[in-house]
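Heads up, there are several structures right after this.
Shared chain: chain A. Partners: chain B in the first complex, chain C in the second.
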Partner chain A sequence: MTVTAPPPVDDAGPDSRPAPVPPRPRRRHRVGRVTKAGPLTYVLLVLAALVSVFPLYWTAVAGSHTNAEIAATPPPFLPDADLFTNIGRAMDEAPIALALVNTVVVAGCITVGTVLCCTLAGFAFAKLRFRGNKVLLGLVIGTMMVPTQLAIIPLFLLIAELEWVNQLQAVVLPTLVTAFGVFFMRQYLSSALPDELLEAGRMDGASTTRIFWSIVVPVARPAMAVLAMLTFLTAWNDFFWPLIALTSDNPTVQVALAGLGGGYVPDRAVIMAGTLIGTLPILVVFTVLGRHIVGGIMQGAVKG
Partner chain B sequence: MSTVTFAQATRVYPKSDRPAVDALDLHIGDGEFLVLVGPSGCGKSTSLRMLAGLEEVDSGAVLIGDRDVTDLPPKSRDIAMVFQNYALYPHMTVEANMGFALKLAGVGRAETARRVAEAAKILDLEDYLHRRPKALSGGQRQRVAMGRAIVRDPQVFLMDEPLSNLDAKLRVQTRTQIARLVQRLGTTTVYVTHDQVEAMTLGDRVAVLRDGVLQQCDAPGVLYDRPANVFVAGFIGSPAMNVVTGPAVEGGVRLGGAVLPVPRDQLARAAAGTGRVTVGFRPEDVQLVGPGAGVPVVVNVVEQLGSDAFLYTKLAAEHTDDVLHPSDVVVRTEPRTAPAQGDQLHITVREGRLHVFDPTTQRRVD
Partner chain C sequence: MTIASDEPQVASIAAPSVLPGKRRRTSRLTRNRWGYAYVAPFFVLFACFSLYPFLYTAWISLHDVDLGDVDGAQWVGLANYSDLLSNEFFWNAARNTLTIGVLSTVPQLAMALGLAHLLNYSLRGRTFFRVAMLLPYATSIAAATLVFGQLFGRDYGLINAGLEAVGFDRVDWEGGSWSSQLAISVIVIWRWTGYNALIYLAAMQAIPEDLYEAAALDGASKWKQFLHVTVPGLRPTILFTIVVSTIGAVQLFGEPLLFSGNGTTNGGSSNQYQTLGLLMYDQGWTNFHLGQAAATAWAMFLIILVVVGGWALLARCRARAER
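Moving on to the complex of A and B:
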C-alpha cells in the first residue's frame, strides 16, 4: 500500500487548510552564531593566514634562487634548487653557526632571568606590604617611557669600563629585568593569587621564600609561560644593542645577518638564506611549545 | 591543647580612626569551643586574625597558654586555621595539601603519610587523596581544609566562617560533623561566624561582638535567656526578640493603650531619669488573651513554617504615638489555629519572660 502525500496547497487557494507553521531558521541561526563560523569567517581567516605566512614563504623562495633571478620581473614564486648553495655562502661570509649558539645562550639567559626576576618583583609588588610599594612600582613603570636609544651611550661606556665589549654578558645583563615584565606579573598575581593562599602558607609555617617557590610559582606558571615566550622572541630578534655591544667575530644571529651580502650590490639571495636559518629555530620552538604557550594564554585569560 | 587569652587586645587599621577591635578581653579555656559572632564589620574576623598572627596587635596582648604570642609570626604559634574559601593549594593533591605543613616542619615521610591517612579516614577523604582541589565538591574541599588543620595536631584551631560557602543542607550536616570532630579531638577552638544558629549550636560559649567591642560572652542558653543588652537581645534568636520602648507608668510600661506589667524595682531603675523603659520579649513568650486585657495588635503577615506559625503584627494604629521601635511585633502561635491576616489580637507576655533594659544605656536591668 502506498500513501501519497497530498500536494502542497497554495496558501492563497480558496479551500486551503491551515498551513503548518514553518520553522524559524533565523532564530536557530542566532543561537548558533556564537559557536559556528560562517563561510565569510573562513575566507577572512584564510586571507589572514596567507598574509602572515607570505613573508616566510618569500624568504624561502628568495633564498633558493640566485640574486639575478630574484631581481627579475616578474619575480619567481616557486622555490628553486639553490638554497643550500646560498646557505653555504652565507655561512662562509659570517659565522652563522656561532651566531646561532650565541643567540640561544643570550636569549635563553635573558628569558630565564627576566621570568625569574619579574615574577619575584611582581609578587612583591602585588602581595607584600612594604613602605614605598606604590612609589617604587610607579618608578618601574616610568622607566618604560625612557626610550632605549637614550640609554645606549651610557650603557656602552659602562660596558666598556667593565671590559665586556664583544662578550655575551654585555647583551644579557642589561635586559635581565624588564619593566613590562614586572608590571605584567604584578597584574596577573594581583588577581590570580588570593591572599588567603599566602596566609595559609604562613599558617603552615612557610617562609616567604618557601611561599614563593611552593605556592606563587605554580599559580603564576601560565603568566610566566607567556612572559617567557614574549621575552625569548624579543631577545632573539634584538638587533640594536647587540650590534653595538658585539662585533662580527662574536655576533648574535641578527648581528651576523646584518653583515651578510655586503658589497656594492647587496646579495639578497644570501641574505634571505641566512635569514631563513636565523628564523627556523624560533619556528621549531613554537611548533614544539605552541600548545603550551597558547594554553598558557588561555589559562591566564580565565584565571586557571 | 591550650588556653587562649586576649588581654586588652586592640587593632586599629591604618587610615582608620575607629579601632576594628577595641580592647578585647577574653579568656578561652583549655579544650573550649568558643564562637565569635556578630554582624559584618564587627571585628570578629580581625580578632581571629590577631590570634593567628595575620594581623598586628596595636596594643594589648594575645596569649596562647602562658606564652605571649603578640609579636610572634604565625608559624611559631602552633595553631591551624580553616579559611572561609578553604585556601587549598590548587596545584597540590589532597594528600600534599594536608601534608604540606608537616613537610615544612621536617616531619618524616612515613609519619606524614600516617597522619594524613588518619585524618583522611576521620574525614572520609581516603578515596580522594590523589585528586586536586579542582576535582572536589564544595563539601569535600571543606573537609580537606579541616584535614589540613587536624593533621598538625595544633594547640588551637581557628575557623573563619568555614561553612559559609556550602549550601544550606550541607551546612547543617557539616556543622554537626565539626561539632563531633572537635569534641573528639578536644582541641581548643575559636570559630568565627555571622550566623547565630551556628554560634548557638556549636559553641560552648559564644562571644557577641559589635563595632569591635565585646558585648557579652556566655553559654548559648545564658545568652538567649539573659542577654546583657538590647543588641545581644536582638541579635540572638530567630525571629529576633521584640524590643519596644514606651513610657513607664504605674505597674509597667504603656504599649498600645494597655499596660504590660514590669516588676516594680526593675521598672524604677530602668525608668530613672527618662521616665521611659525598654522591654523585650521573644515571639514564643507571647500569649494571646481575650479582648480587654493585654496589648492590642493587628496581624500584618502570617508566616507558616509547619511546626510553628509566626505572626508579624503591628501595635494597633491609634496607640503607637508614644512607643519607640514601633516595628513588627512577632508572635509565635500554633500553626493549625493561627489567626488570619487583618485580625486584631490582644497579647501579653508570659510571667517572668519579660527582659527589661535601660533605654539610655541599653543595658539589661535585673
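Moving on to the complex of A and C:
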C-alpha cells in the first residue's frame, strides 16, 4: 500500500508545519513586521553567539596550555601545543576513553529503546481509541512535573539488590521511557497521520501490527529522527542518575568529568582538557545535526 | 517519566488548548484494544522505574532508614517531615533554591524573549545564529560547570581578570553568598537562554500577520506592537517556559555540586549555595539518612506542585479578567 510522503519536520523554516494544520498564508515574505534585520540586530546577535561559544572556545584554549600559562596576566586567548599532553594526563586521572565508549553504548541503547517505546505509545494515544486513554495520557503528562529526586532512592536500592551498581544497564533501563517522547510522538502522529490511511490499511485486511510497521512508522520517521537526536543528546549529558548508579571505575563521560573536577589536585589545564575531550564528540554531532535539532525543538514548541 | 532531570524538551505542552481533537471520529477501524498493547511497554517501564519508586520513596519518608541497612527500617510516621521543618539546613537550601531560581529564570527568559525578537527578523545566516544559540544547551551540566568554575575562579579566573582590567576589585565568587549564587545562575542562564529563545521564536512565527498590520494601521510603533501584539500572543508559551524553568530550578543539582571544584555536597563552606537537590543528595549519600532524603524529595515535589499550580491559577485569573 502506498503511503503519502510525510511532511518535513527537520526544516527549521517558519513554514514547516505538518500538513493537516489549516493552511495559513505563507509567512516568509511578510509585509510590515518581518523587516530586514538592521546592523544593530546583527551586532547584538553576533555578541550573543560569542557569549554562547566563548566558554567552549576557552575550554580548548585552557586545555592546550600549561597550568602556569593560563594563570598569566593577560591570559592567553589562542590555543597552544600542550593539548595532547594535557589530554594524556586527564586520561591518567579519569578513565575518559572507557567513559566515552560507555556513554556511546548507554546513549545508543536509550535512544533506540525510547524511540521505539514512545512511537508505539504515541501512535496508540493519537489514533487508537481504547478505554482510559485520556486518563493514561494525563498520567504521562503529569509525570513531567515529578522531580528526579523522587525516584532516586528506591532505584538505587533496586540496582543494589540486583547487583547492578556500576553496570551500564542500571543507567539504561530506568531512562528508557520519557513522557516527553510519548507526548511528542502523539502530537506529531495525530496531525501527520491521516485516519483515511489507517482505514485503507484496515480495508486491505492488515492487522494493527502490520499497520504500525508499514504505515505508521514510515509516516513517523521524521519525528522519530528528531526524538532520537534529542534523546541521544539528553542521554549523553545526563548527570544525576549516572552519578549515583556508576562509580569512577566504570563511568559515563559526565561521571568521569565529575570525578575529574572533584579531584584533590585540581590542575586546571588538565580539567579543561578532559572537559574538552568529553564534550567534543557531542558538540561535533550537534554541529552537524544542529539544524535539525533546532527544527525539532521549534516544532515541538509550536505544535503543543 | 524518566531519570533525566535535565529533561528540557518538554516543550510540547506549550498551548494545550489547541490539541487537534476536533476532527475525532470514532471509527470502528481505530477503536480497538490494541491500544493497551502499544502503550504497554511504556507503562511497564513506567511502573517499574517511576511509579513504584515514587510510592516507595513515600514509604521510606515515613521510616528511619540507613543506606547500609534498609531492612532495619523503623516506622517513624511524619517525624522526618517535622524534622525537616525544624532543620535549618532545609530552610537554608530552600532559600538558596529560591534565590538561584529567581536569579536564573527572570533574566534568562527576558533575554530569551529579546533574542527571539532579533532572530525573528529576516536574517542572513539564520541557521548559523540559531545553532550557535543552542550550543550551550548541547553542553552538559558537568562540562559547563567545570568551565564556568574556572572562569569564575578567584585568583586566576578570566572574569576576575576582566573585572580587574576595567578597574573593579576581584570577587571571591565561590566564597560569597550572593556572588556564588549569581555565578551558578549565570551557568543556568548560559545553558538555557538560547533554548528558550527558540521556543519563543517558534511561537512568534505562529502569530497571525494581520494583527501586526492592524496595529500598524492604528499607528502603533514597533515597540508598542511588540508589547501589545507579540507579548500577548506569546502568553501561553511564556507560561510554559516559566513552568518548565520552575521545575528545573527546584531540582537544581549538578551546578552547585560541581561549582566548588572539590566534589563536596555541602554547597560551599557555609552552605551558601546548597540547593534542595544537593541537600537531598547530601542527606542520602553523604550521611546515609534515606528517610530524611526521601522526605526532602517529597517536599521538593510538593513545592513544584504548589508553584506550578500557582502559575496556572494566575494565568487562568488573568485570562478570565481579560475576557
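Methods note: the second predicted complex is superposed on the first by the 232 of 304 C-alpha atoms of A that agree within 3 Å, B and C clash if a C-alpha of one lies under 4 Å from a C-alpha of the other, contacts with A are read in each partner's own complex, and residues count from 1 in each chain.
Everything below uses one rule, namely that a contact is a pair of C-beta atoms (placed from the backbone, for glycine too) under 8 Å apart; a residue touches a chain by one contact, two chains touch by 3 or more.
In this text, all values refer to a predicted model and were calculated from it rather than measured experimentally.
Look at A:102: by the touch rule set out above, it reaches neither chain B nor chain C.
After overlaying the two complexes on the shared chain, residue contacts for A:187 are found with chain C alone; chain B is out of touch. Look at A:111: by the touch rule set out above, it reaches neither chain B nor chain C.
After overlaying the two complexes on the shared chain, residue contacts for A:215 are found with chain B alone; chain C is out of touch.
Once the two complexes are laid over each other on the shared chain, residue contacts for A:51 go to chain C alone; chain B is not touched. With both structures placed on the common chain, the touch criterion links A:64 to neither chain B nor chain C. More residues of chain A lie in contact with C than with the other chain of the pair chain B and chain C. Once the two complexes are laid over each other on the shared chain, residue contacts for A:205 go to chain B alone; chain C is not touched. Note: residues 199, 202, 304 of chain A belong to the chain B contact set and to the chain C contact set alike, using the contact criterion stated above. Within the complex formed with chain C, the chain A residues making contact are 12, 14, 20, 24-25, 27, 30-38, 41-42, 44-45, 48-49, 51-53, 55-56, 58-59, 62, 70-71, 73-75, 116-118, 120-121, 123-125, 127-130, 133, 136, 140-141, 143-155, 157-158, 173-180, 182-184, 187, 190-191, 195, 198-199, 202, 208-209, 212, 230, 233-241, 244, 253-254, 257-264, 266, 268, 271-272, 275, 278-279, 282-283, 286-287, 290-291, 293-294, 297-304.
Against chain B, the residues of chain A that register as touching in their complex are 194, 196-197, 199-206, 210, 214-215, 218-219, 304. Per the touch definition, chain C reaches chain A in the complex via residues 1-16, 19-20, 25-27, 29-36, 38-39, 41-43, 45-46, 48-50, 52-54, 56-57, 60, 70, 115, 118-124, 126-136, 138-151, 153, 155-156, 158, 161, 165, 190, 194-195, 198-199, 201-203, 205-206, 208-209, 212-213, 216, 225, 237, 240, 247, 250-251, 253-254, 257-258, 261-264, 277, 280, 284-285, 290, 293-294, 296-298, 300-301, 304-305, 308. Considering their complex, residues 52-54, 73-75, 79-81, 83-85, 87-91, 100-101, 104-105, 148, 152 of chain B touch chain A.
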